[in-house]
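We just call them A, B, C, D, E and F in the order they show up, numbering each chain from 1.
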Amino acid sequence: MLSRFFAPKVKVSAHCDLPCGVYDPAQARIEIESVVGCQEKYQANTDADFRTRALIIKEQRAEVAKHHVSVLWSDYFKAPHFEKYPQLHQLVNDTLKAISAAKASNDPATGKKALELIAEIDKIFWETKQG
Amino acid sequence: MLSRFFAPKVKVSAHCDLPCGVYDPAQARIEIESVVGCQEKYQANTDADFRTRALIIKEQRAEVAKHHVSVLWSDYFKAPHFEKYPQLHQLVNDTLKAISAAKASNDPATGKKALELIAEIDKIFWETKQG
Amino acid sequence: MLSRFFAPKVKVSAHCDLPCGVYDPAQARIEIESVVGCQEKYQANTDADFRTRALIIKEQRAEVAKHHVSVLWSDYFKAPHFEKYPQLHQLVNDTLKAISAAKASNDPATGKKALELIAEIDKIFWETKQG
Amino acid sequence: MLSRFFAPKVKVSAHCDLPCGVYDPAQARIEIESVVGCQEKYQANTDADFRTRALIIKEQRAEVAKHHVSVLWSDYFKAPHFEKYPQLHQLVNDTLKAISAAKASNDPATGKKALELIAEIDKIFWETKQG
Amino acid sequence: MLSRFFAPKVKVSAHCDLPCGVYDPAQARIEIESVVGCQEKYQANTDADFRTRALIIKEQRAEVAKHHVSVLWSDYFKAPHFEKYPQLHQLVNDTLKAISAAKASNDPATGKKALELIAEIDKIFWETKQG
Amino acid sequence: MLSRFFAPKVKVSAHCDLPCGVYDPAQARIEIESVVGCQEKYQANTDADFRTRALIIKEQRAEVAKHHVSVLWSDYFKAPHFEKYPQLHQLVNDTLKAISAAKASNDPATGKKALELIAEIDKIFWETKQG
């Protein structure tokens, strides 16, 4: 796992411009996993205050997730990527809307839908790194 | 890579308590990589304003990195981990101080030192996940 | 001017879903104006520390501007808008990249380019409100 | 509307000092409209979790609204304004307290009271721009 | 010192309304001390990057200081206080402007001026606690 | 009290390195007092929305408290302190976990436990200032 751990640092150098050139969809993915975690814990606990906390924290994690996804789209992906992946604009917009939907729901299926979409972005992202 | 992509979600369930139970040292590692990225770009460009921006952004990424490391220590690691890894307190403190040192320096070696330390935390983290 | 001042509140009600349904491209536009303001003041003052502060503040305002633009795209604009305005995805992406370019430059022309693009989004936004 | 859209940028230049000299009460007004939006949606939906989200988001928007109002008072308005408008200190304080009151209530009348007060500040603001 | 340490908790109960009723001008004072610290370190070190970091951090601490001062004025102080201390509005406004002035200067005298003003607010604050 | 008010500024100079060298456990203590305040108000008011707001605000204040405690541990305390106070690592970790526990509870006893622990850190902190 450690070789994976350091891999991004090596690969990013060719795509950088300041700020720093380090992008990784894992940032968004981890936050969406937190959203799913909050939804699952909400379902498993009927205490009203516990559920309120689950909603508070889910709202925050979803917001951060949306930020990370937006940054990938505005800062990392560029014209050649949009040409090669014409579905990318809509895929990113769908992902952001899926995260918003997970904010408004306690059904873990909504969070998992967002996870599926970020996995699609992740697949494209790593393809562009190897291109 | 996709199997790795979803792996954390599966494994964390046994260690969760609300907020959400999702922890991953990759969050800190990616931010420290940004710190190193800023240092390397600083070295490669002598324009004064570019360098100022590198310092501004490095300060922010380092601050977020410290936050992620602190959360691992305060929220994820618990008494049994500190017993099994008696060096853990000092390792985390050293990591935080290494990130602070990278804030105060433009030598990429300082950021890379912090990367080495977060890799040690990462190794322990994943061992505890498998324990 | 006061009738304009309260106009958005009246109009948004048909497009709302929680959070609150209140969107206004003016939020992004005002922040981009701040970016231009920082660039113009940078040009008018050669003191090194003054210029550093201009860079610090420009970085912050540009970041907030990008956030407001992203929110319009992910939260306000929906499928029917993207159908009616097929250029919208690219226009928003161009706007975000123009704000990033203004971060990396002290030429007020870069900030003004971002202002022109947000004005295009603003035009579409208010058309969709009247539709 | 476009001429209004760009008007502030032209007018502010005489009152600037770095940060950037761009101020607009619309920033506070839009956030308070969000507060009213949350209150109205709270009233229209009896689902407990929906209402919790309305409270979470209202708290955030109100906090940002207070920030924008405070900045107008501390950064934009200066001694000559306070001389010409001796009620300004109290008006701003009343506005901030009205926003706090809207935090603690789900009655849209409380948010609308804050909107009325920011409209009074807005009126004074634009008078000072023309003076 | 410990008796001082816990004193605020005891005294605030009579003035509380949610959020929590805990106010202490020490929060603003400590941040302004940080501003002065940054100014003094700036003066003592001619390294350009060190000075840039001093400016970055001073900007942040001053911003937080202004927030704490604004909260005292909008949330803690109420009509009876403004009657008893008619200078309070102007004193708070002067304090906020003094902090802004310290943002724009590296002369520790500017930060110390802000410290003197927050000490005046602090004096009034503790008088109202005893009243 | 005023002499106490300015005391930290005088004493810190010997321990400084940029950022600014100003540390004070009072920052964490005041935030934890807010947590206790939220818990006590929660207990005294059975209105569901009031209690939701108490949870929202407690979550925020606890988060800031944890940040201030982490900063003391990572930035202020150094090797000689950890040698002289071998319990310090565990004490800080216990304090952070106590604040997290207060997040998850509405029993003021949990917040007061965190206050006791920050008081222990405070005692050590001021001893190191005099050493």
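Assume a residue touches a chain if its C-beta (ideal position, glycine included) is under 8 Å from a C-beta of that chain, and two chains touch if they have at least 3 such contacts.
All values reported here derive from a predicted model rather than from experimental measurement.
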Exercise for the section: Determine the set of chains touching chain C that also touch chain D. Expected result: A, E
Handout entry: Contact-richer chain pair [A-B vs D-F]
Key = A-B
Exercise for the section: Look at both sides of the chain A and chain F contact and report whether the same residue positions are involved, with over half shared, or different ones. Expected result: different
Problem - Cα-superposition angle relating the copies chain E and chain B, to nearest 5° - result: 120
Fill in the blank from the handout: Averaging C-alpha coordinates per chain, one finds the centres of chain E and chain F separated by a number of Å equal to 19
Practice task
Indicate the whole-number Å distance between the mean C-alpha point of chain C and the mean C-alpha point of chain F.
Solution key: 39
Practice task
Starting from the mean Cα coordinates of chain B and chain F, work out the distance between those two points in Å.
Solution key: 23
Problem - Chain centre separation in whole Å, for chain C relative to chain B (CA means) - result: 33
Handout entry: Multi-partner residues of chain F (at least 2 other chains)
Key = 18, 48, 50, 52-53, 56-57, 104
Fill in the blank from the handout: All chain pairs satisfying the touch rule are A-B, A-C, A-D, A-F, B-C, B-E, B-F, C-D, C-E, D-E, D-F, E-F
Completion exercise
Residue set of chain C touching chain E in the complex reads 48-50, 52-53, 56-57
Exercise for the section: Give every residue of chain C touching chain D within the complex, in rising order. Expected result: 1-2, 4-6, 8-9, 12, 16, 18-22, 24, 26-27, 29-30, 33-38, 41, 45, 50, 53-54, 57-58, 61, 115, 119, 122-123, 126
Practice task
Going by the contact rule at the top, pick out the chain A residues touching chain C in the complex.
Solution key: 17-18, 66-67, 70, 73-75, 82, 89-90, 93, 96-97, 100, 104
Fill in the blank from the handout: The residues of chain F that touch chain A in their complex are 48, 51-52, 55-56, 59, 103-104, 106
